[in-house]
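A short write-up of the structure that comes next.
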Amino acid sequence: MSKTAIRIVVTGGTFDKEYNELNGTLFFKDTHVPEMLALGRSRLKVSVRTLMMIDSLEMTDRHRRTILKHCLNSRESRIIVTHGTDTMEQTAEALGKAARQKTIVLTGAMIPYKFGSSDGLFNLGSALAFAQSLSPGVYIAMNGRYFHWNRVRKNRKTGEFEETNLERADR
Amino acid sequence: MSKTAIRIVVTGGTFDKEYNELNGTLFFKDTHVPEMLALGRSRLKVSVRTLMMIDSLEMTDRHRRTILKHCLNSRESRIIVTHGTDTMEQTAEALGKAARQKTIVLTGAMIPYKFGSSDGLFNLGSALAFAQSLSPGVYIAMNGRYFHWNRVRKNRKTGEFEETNLERADR
Amino acid sequence: MSKTAIRIVVTGGTFDKEYNELNGTLFFKDTHVPEMLALGRSRLKVSVRTLMMIDSLEMTDRHRRTILKHCLNSRESRIIVTHGTDTMEQTAEALGKAARQKTIVLTGAMIPYKFGSSDGLFNLGSALAFAQSLSPGVYIAMNGRYFHWNRVRKNRKTGEFEETNLERADR
Amino acid sequence: MSKTAIRIVVTGGTFDKEYNELNGTLFFKDTHVPEMLALGRSRLKVSVRTLMMIDSLEMTDRHRRTILKHCLNSRESRIIVTHGTDTMEQTAEALGKAARQKTIVLTGAMIPYKFGSSDGLFNLGSALAFAQSLSPGVYIAMNGRYFHWNRVRKNRKTGEFEETNLERADR
């Protein structure tokens, strides 16, 4: 029995932000996912692919179509999408309506990985586990939990993800 | 629908070791699990219980019976056991033969959480996810993967867990 | 023989910036100086006083007069001023022209202390040492070096402090 | 005016210890001094030389003669010696009696640099500053302070260095 292959699709978000010490702003350079996998001593068979490196507030429908297309075309049936938390639920929705044969897990972080006190490593660990064990569908993995794409929202006040009572229309 | 309750049973292991700066040795004080859950911004309903604080090389059959009994008596049906990696597979076996109605996930770390470069946060994240999503049984969650209790061994040379071809007798 | 007393005057700067995980911006809360002194196991007799908590780009002449006045009025003759690096040389100049009886050392950081990879702890260690050992005068301690207030500038391209050949007018 | 050149003599000690994740013991590999200088954004002109990599409890008179000889023969007149804290005062004494023309500063750490919560970066920053600013003599730089070689001892109970009232015979 071979190890499950997982694709990790990188789109940016707080997860991968870095501090520019020359001007005091946050910016993107390369993804830290490989470094994080090494730190976690991961022995999973993964392929990491950086699709974009943007703040999720800048993510457009066009970006979401790119992500969806990439997920559909990937050889792997188990996929993780790293994503900013601000619009993670919208991207989950865009994927959830169209990608029904795969297990896709979106995750991110509230604090950049490079800042030491990040939740990113915890979230990546849980996202990889959910991607291996949940049945096909699109999920968000944050705060140690998983949420179905059509029953989740980010609480702007607490920064935490929570379940909604009403489903989004699953057209 | 309420959140799943998870019990976290702490037994010690590298996970929770600290450095004694007065004599340069490693020792146990309190578990870091609550601090790690806070860092991961976990919103899971968990109850943490420290059963023992020992190096897993010192774990005896008696200790294992204590862990088993605690797992069987816990109200929760989803349980994580933090454990040293050296004899994790033996404890998994002791639990695997007797605790068949619950999802029990053993996890640990190669580097103490307090040492900064630890794999512990990643492992805890994945263990919590597996505990929520795997069907009843006893598993080890390490290296981003999960292993059935009777098909796993630690490779002493690499420090990694790997699947064995032959099952341990499942008496 | 008693230990030398040192006053640490906190004014903000990158040193003390934190990351607001709810909106992704940097902000000030409390100073980290006491935490840093504890980490460094400092046994110096210090008194920490937060005068302001601002980005040094926002520092005005009025702020500088407040700092100067505080330094002059302090009981201690050895003083450290934590300060943003962008206008550290201007504040050094303001102090250098007026505070000639005390050893005043300005220091700061390129990366916030809370971000893990900060130069702050190194700089604080060197500033405290310079404050104990240099003769009266106003200095900047950055990059492991010390600079006289009227012979220093920050190189905006590299983020490093360097000696200037020409003195500022020492009126 | 050129920058002062400083020699950094590495002898091991807690400073440079690492955790062996395969057997849970502490060991020495390479010195972290260059990495620490980079983190501190040091722009000092230094030359780092590893003389030995040992626990200071294992340091013999022979080792101390090697260090002394190296200090005397170095081109630089300002020298830092990284050293375990347990016998730092003995090595300071061995150097103090014989190396009177140079400014030599011994420093170390209570917690290994690699463990995240180390005092090492703070100590290195202060040692470099003292090496630049103190007059010729042999000193220990720990806990933010400096001590003359013949007036210092490590308090075994607190792990802190403190001044002694009586001088060691300065033969």
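A, B, C and D are the chain letters, set down in written order, and residue numbers restart from 1 in every chain.
Operating definition for what follows: contacts are C-beta pairs under 8 Å (C-beta built on N, C-alpha and C of every residue); 3 or more make two chains touch, one makes a residue touch a chain.
Keep in mind that what you see is a predicted model, and the values were worked out from it rather than measured.
S.K.: In the touch network of chains, how many steps separate chain B from chain C on the shortest route?
M.R.: Graph distance in the chain contact network comes out at 2.
S.K.: With over half of the numbers shared counting as same, classify the chain C/chain D interface as same or different.
M.R.: The interface of chain C with chain D is built from mostly shared positions.
S.K.: Taking each chain's centre as the mean of its CA atoms, which one is most distant from chain D?
M.R.: Following the centroid criterion, the farthest chain would be A.
S.K.: How far is the middle of chain A from the middle of chain C, if each middle is the mean of its Cα atoms, in Å?
M.R.: Going by mean C-alpha positions, chain A sits 40 Å from chain C.
S.K.: Centre to centre, by mean C-alpha position, how many angstrom separate chain C and chain D?
M.R.: Roughly 26 Å, centre to centre.
S.K.: Which whole number of Å gives the spacing of the CA centres of chain A and chain D?
M.R.: Each chain's C-alpha centroid was found; their separation is 46 Å.
S.K.: Please set out, as single numbers or ranges, the residues of chain D touching at least two other chains.
M.R.: 110, 117, 159
S.K.: What chain pairs are in touch here?
M.R.: Here the touching pairs of chains are A-B, A-C, B-D, C-D.
S.K.: Under the touch definition given earlier, write down the residues of chain D that touch chain B in their complex.
M.R.: These residues of chain D touch chain B: 14, 17, 19, 21-22, 24, 26, 55, 110-112, 114-117, 156-157, 159.
S.K.: Per the contact definition, I'd like the list of chain B residues that touch chain A in the complex.
M.R.: 1, 3, 36-37, 39-44, 110, 117-119, 121-130, 132-134, 141-146, 159-163
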